[in-house]
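Order of writing sets the labels: A, B, C and D. Residues in every chain begin at 1.
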Amino acid sequence: MIIVMAPAATEDQIQEVIARLDQRGYGHHVSRGVERIVIGAIGAHESEKEAVAEQLSTLPMVERVVPILRPYKLVSHEVDRTPVPVRIGDAAFRGNELSIIAGPCAVENREQLLQAAKAVKEAGATVFRGGAFKPRTSPYSFQGLGEEGIDLLVETREATGLPFVTEVMDVRQVELVAEKADGLQIGTRNMANFDLLKEVGKVSKPVILKRGLAATGQEWLRAAEYIASSGNLNIILCERGIRTFETETRNTLDLSIMAWARQETHLPVIVDPSHATGQHQLVPPMALAAVAAGADGLMIEVHPHPDRALSDGPQSLTPKKFKRLMEDVRRVAEAVGRSL
Amino acid sequence: MIIVMAPAATEDQIQEVIARLDQRGYGHHVSRGVERIVIGAIGAHESEKEAVAEQLSTLPMVERVVPILRPYKLVSHEVDRTPVPVRIGDAAFRGNELSIIAGPCAVENREQLLQAAKAVKEAGATVFRGGAFKPRTSPYSFQGLGEEGIDLLVETREATGLPFVTEVMDVRQVELVAEKADGLQIGTRNMANFDLLKEVGKVSKPVILKRGLAATGQEWLRAAEYIASSGNLNIILCERGIRTFETETRNTLDLSIMAWARQETHLPVIVDPSHATGQHQLVPPMALAAVAAGADGLMIEVHPHPDRALSDGPQSLTPKKFKRLMEDVRRVAEAVGRSL
Amino acid sequence: MIIVMAPAATEDQIQEVIARLDQRGYGHHVSRGVERIVIGAIGAHESEKEAVAEQLSTLPMVERVVPILRPYKLVSHEVDRTPVPVRIGDAAFRGNELSIIAGPCAVENREQLLQAAKAVKEAGATVFRGGAFKPRTSPYSFQGLGEEGIDLLVETREATGLPFVTEVMDVRQVELVAEKADGLQIGTRNMANFDLLKEVGKVSKPVILKRGLAATGQEWLRAAEYIASSGNLNIILCERGIRTFETETRNTLDLSIMAWARQETHLPVIVDPSHATGQHQLVPPMALAAVAAGADGLMIEVHPHPDRALSDGPQSLTPKKFKRLMEDVRRVAEAVGRSL
Amino acid sequence: MIIVMAPAATEDQIQEVIARLDQRGYGHHVSRGVERIVIGAIGAHESEKEAVAEQLSTLPMVERVVPILRPYKLVSHEVDRTPVPVRIGDAAFRGNELSIIAGPCAVENREQLLQAAKAVKEAGATVFRGGAFKPRTSPYSFQGLGEEGIDLLVETREATGLPFVTEVMDVRQVELVAEKADGLQIGTRNMANFDLLKEVGKVSKPVILKRGLAATGQEWLRAAEYIASSGNLNIILCERGIRTFETETRNTLDLSIMAWARQETHLPVIVDPSHATGQHQLVPPMALAAVAAGADGLMIEVHPHPDRALSDGPQSLTPKKFKRLMEDVRRVAEAVGRSL
């Protein structure tokens, strides 16, 4: 890290910073410019780095402390230079081929699931999705079928052969879901639920980690680092829109951070245009945009009857629209040298 | 709710909307303006309202659906017109008197806690704070002392007489903390952790609910509604800064939403200027601003030695600075007709 | 508009609202629900609508006033159902063919311009860009060559045959630029500079209107309405990234609003991935994403020597990288049924 | 500035950076850490600093370039350590005494102005405000009385003795307004209208510079630097709310940046709670908060009849409410050691 001293810093105050660095086992070099004195600190114990930076910044006449290294290691591109695809069932993420996850927002009943699963499989999806535990903004809204919903997802897998992913919201659900599902999903509201991240880090099933709706790219990768440092490197990042001042769309899909994350990490990065836009008519253009920008896959909400959906109807595609989209996705994927 | 039809809507499409309303037990009235046809829906079952609105908005030529009612009930000012103060120990929140919560970010050791507690009590704080379970952005940072930290807080209470509040991050911690602490705190990252909200809704101890760092005022009150609808009305709202584009301060303290929340709900609303600003020199002006704007209390980080703190040193006040601030708080409180 | 009364509203207060509507020539209908009384207002003079809504909302017990109509007319899709392409030189925007605008951020000298123009033309761009009047955050940075820069752009057009667009920042520049350039550009900082919008509304040359970096989609279309209502309908909208909390990218490219704007208006909408991302390595993926999402064109910064550029070097493509990008753009355009 | 090299940087690439620094007249020192090589650059010509930083960041294996110095000089606290109050008429800003600017949003007619001016003077305001040139989001809204409005403001000053400030939106208005008004105001939409900033920098009358609604604190001070570097140091900064995701309030009043700006610069900083909140009932708490946090003054909208106002009625105080607020302001000012 770099410590910038205020112009009025005395020699004693500079020496105080150096003494602190010394105590903590850092080397240092001092650079005396015309308007500022800057102290570079060399070497650090990962576990103390941030606390030391904070402590130094409370000392008199320290103007600011600038970190030099990225605050994540295991998920960084530097550590593991050749990305290894993460698999959910037979679907691989971050190979040449794109993989498409599709299905309804919430598990409602057997019939709905089967219809949805058959339709998305036929159109080319290779992973099914459906929520049994649902995070709802209102306590009075449909809260999901819970364990019963998981069982319906298992039945649907048996009937169609499609592996499935489903969300965990609570540490008490992890064991059950890890046993029955093919992949676990951490929703946007839980990206910084660190206890939950640690729990899914202890299982071996792949984890889809959605970006928090107000999380910076760095915080997202740090959340992935939590999972990785608990032992599970089967992580798929999922960009799903961030909160901005714009109100015409539910959230603002941030494809440039998706592209950035693919450069910064060896993990696969997929995109969920359904939650990002909140409007079915914007899902196809954003899905194609994601593929053109290099996404390793898509997660799309499909419901046999959006006008009767218990949640997220407005952003769900009908099977027919999804089929048409998949044809377009195939063409755009080929245009950028990928396949479906 | 109000359903606005697109200009090109046919009579059949309008009738389709009306038929749906009928099926769900809503009355309706149609208003035919020059450029738009607008359908008003009357009456609704709370538990279905949002799903119905979503479903209607997927019908052809429905331009948008505008809700009319506020999406919370139990915490709304309409329901309970005279706010009843919430108490933590002897400290009352939302009476004429302000109550001040103070203490270090994290529980580090017995000595630190005692020093901090004695200092803040002497200066006039009536509730102590300290984190035993810590949400840290990096998995490599100090994660808190856990259960041992709770025991140290209990000891500190015995030594000083100050009741204490502490954060719960995980449903598995609720029972323990509810038994030992005088109040539970839900941190900003867990404001939309609905399973956790339901659990703290089942205990009787007061809950301090921090606003999510990207939560709208409405979402904040809906989170409170989760706790209330699970049975616990002892809720204290806490504004602690929101995420904006500004980077000079850690977050942006949103005092106008604090004032709005006091009008919109019967719950007490307090302010945490420490997390909002991230810089000790901005804590006093923002604390005074909060009091002048009508806050029912403050939550302030105080550490005996900020330059050795294991977390949040830069935003912690020393006991001396805290004492001076409390004198100023007293004067501003009196200027707006409150007392300390 | 719809006027929602507070629950405590008396009959007199309701009649007061109705009397006001009457005075202003509005019809009304009252809908008495269980929890709220809602008054619909019918008919309005465009020029008074917003003032009336504001005035009504100040009356006692008016909870809120909800507008029903979109606040723009001339640029709305409703008015002119078949989009007519806007032309800059021979390049058409919002036809089947995409048009690409490219060139350096700032006009630096004759040599730089010629090199850039030849390179972008050869790669397939059909409009040249370059700034003579430069909005710079610091008063000490290079402020552009001004009128001399315009003359260099004219020379470059003579040498290459490429039409050019350039920014106007000040009402005093409009006449000169409108006379010499093939198109005028309104930068992101001036999107709500209404006097400037009115001036460019009086000329007949096409205007590229960049979205303000914190402007909502609606405000953007209202800014276009300013130009249109002054007489100039040759408007090309340009999405160039919005300001969010994310700091890894300079701005956040908002492609979903681009897609929304193409549905909402009959105007062409193009995308500038260079300013949005601020990093040359993110320009190609975002350019391809824009095309896949349906953009009518791109505006891209190309500099013969980004490492010597007087502004925006980090986001400029070299001619070689631009050429490669254009090949990819062609393929993605074809994949979505467009051509280059 | 500090240049951080990527881990894979070769010795040649490091030497290339050093050679560039040399050419531009910078000294350098290289610090070789375990994971990164960092190059410190010493000394710089103000006018080239940002361009050089940009150019260096385009070189191969340069990870990032970190600036060390603040990007403003004349307005910085470092340059002029004792703030000198700025005066509008007899009202001083940034002395011990607070000064209050009040009046209607827009100049509507003689009667309205006189009523408003007499009322605010009686309540204790020492500067009058009113807009003759109005920036309106819709081209169909009332656009202000223009020059005639300025004349009415002059008449009102003659009748009441109150000096007045009014907004300039267009470089063509500066001469007239500077001649007739006691202070010029740059509105939030024009904070980065650099040509306008340069023009008001050439006059000697004080300038109130509102923060752009999406401007960082640093950009705000850089805008002030534009005015200062053109020759006018009579600048008053005005915080008026920023754009965030919150929609319950029109904008989010950012008092912590107000407090920050008072530490960072020697300029006075005032607060406009009317535009920030957009709701008259939130104006008093936010006005008091601003004073408690150390603001040097307030700017408040007062209209004799908000329910007939041609703009901003919902956020205007009646004379009666303003009078009551001023009494509270006086008490809070005294509580923090200031006077009115």
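Here are some notes:
Here is the rule we go by: contacts are C-beta pairs under 8 Å (C-beta built on N, C-alpha and C of every residue); 3 or more make two chains touch, one makes a residue touch a chain.
Treat the numbers as computed from the prediction; the structure is a model and nothing was measured.
C-beta contact counts were set side by side for B-D and A-D; B-D has more. Among the other chains, B has the CA centre that is most remote from the centre of subunit C.
Annotation: 26 Å between the Cα-based centres of subunit C and subunit D. With each centre defined as the average position of its C-alpha atoms, the distance from subunit B to subunit D rounds to 31 Å.
Rounded to whole angstrom units, the spacing between the C-alpha centres of subunit A and subunit D is 38. Among the residues of subunit A, those in touch with two or more other chains are 214, 243-245, 247. For subunit D in complex with subunit B, the residues that touch the partner chain are 214, 216-218, 242, 244-249, 252-257, 259-260, 263, 276-277, 281-282, 285-286, 288-294, 328, 331-332, 334-336. Within the complex formed with subunit C, the subunit B residues making contact are 2, 4, 7, 29, 31, 33-36, 38, 40, 42-43, 66, 68-69, 78, 243-245, 247.
Taken together, the subunit D residues at the contact with subunit C in this complex read 46-47, 49-51, 54-55, 57-59, 71, 135-142, 169-172, 189-190, 192-196, 198, 213-214, 219, 222, 225-226, 229-230, 243, 280, 306-314, 316.
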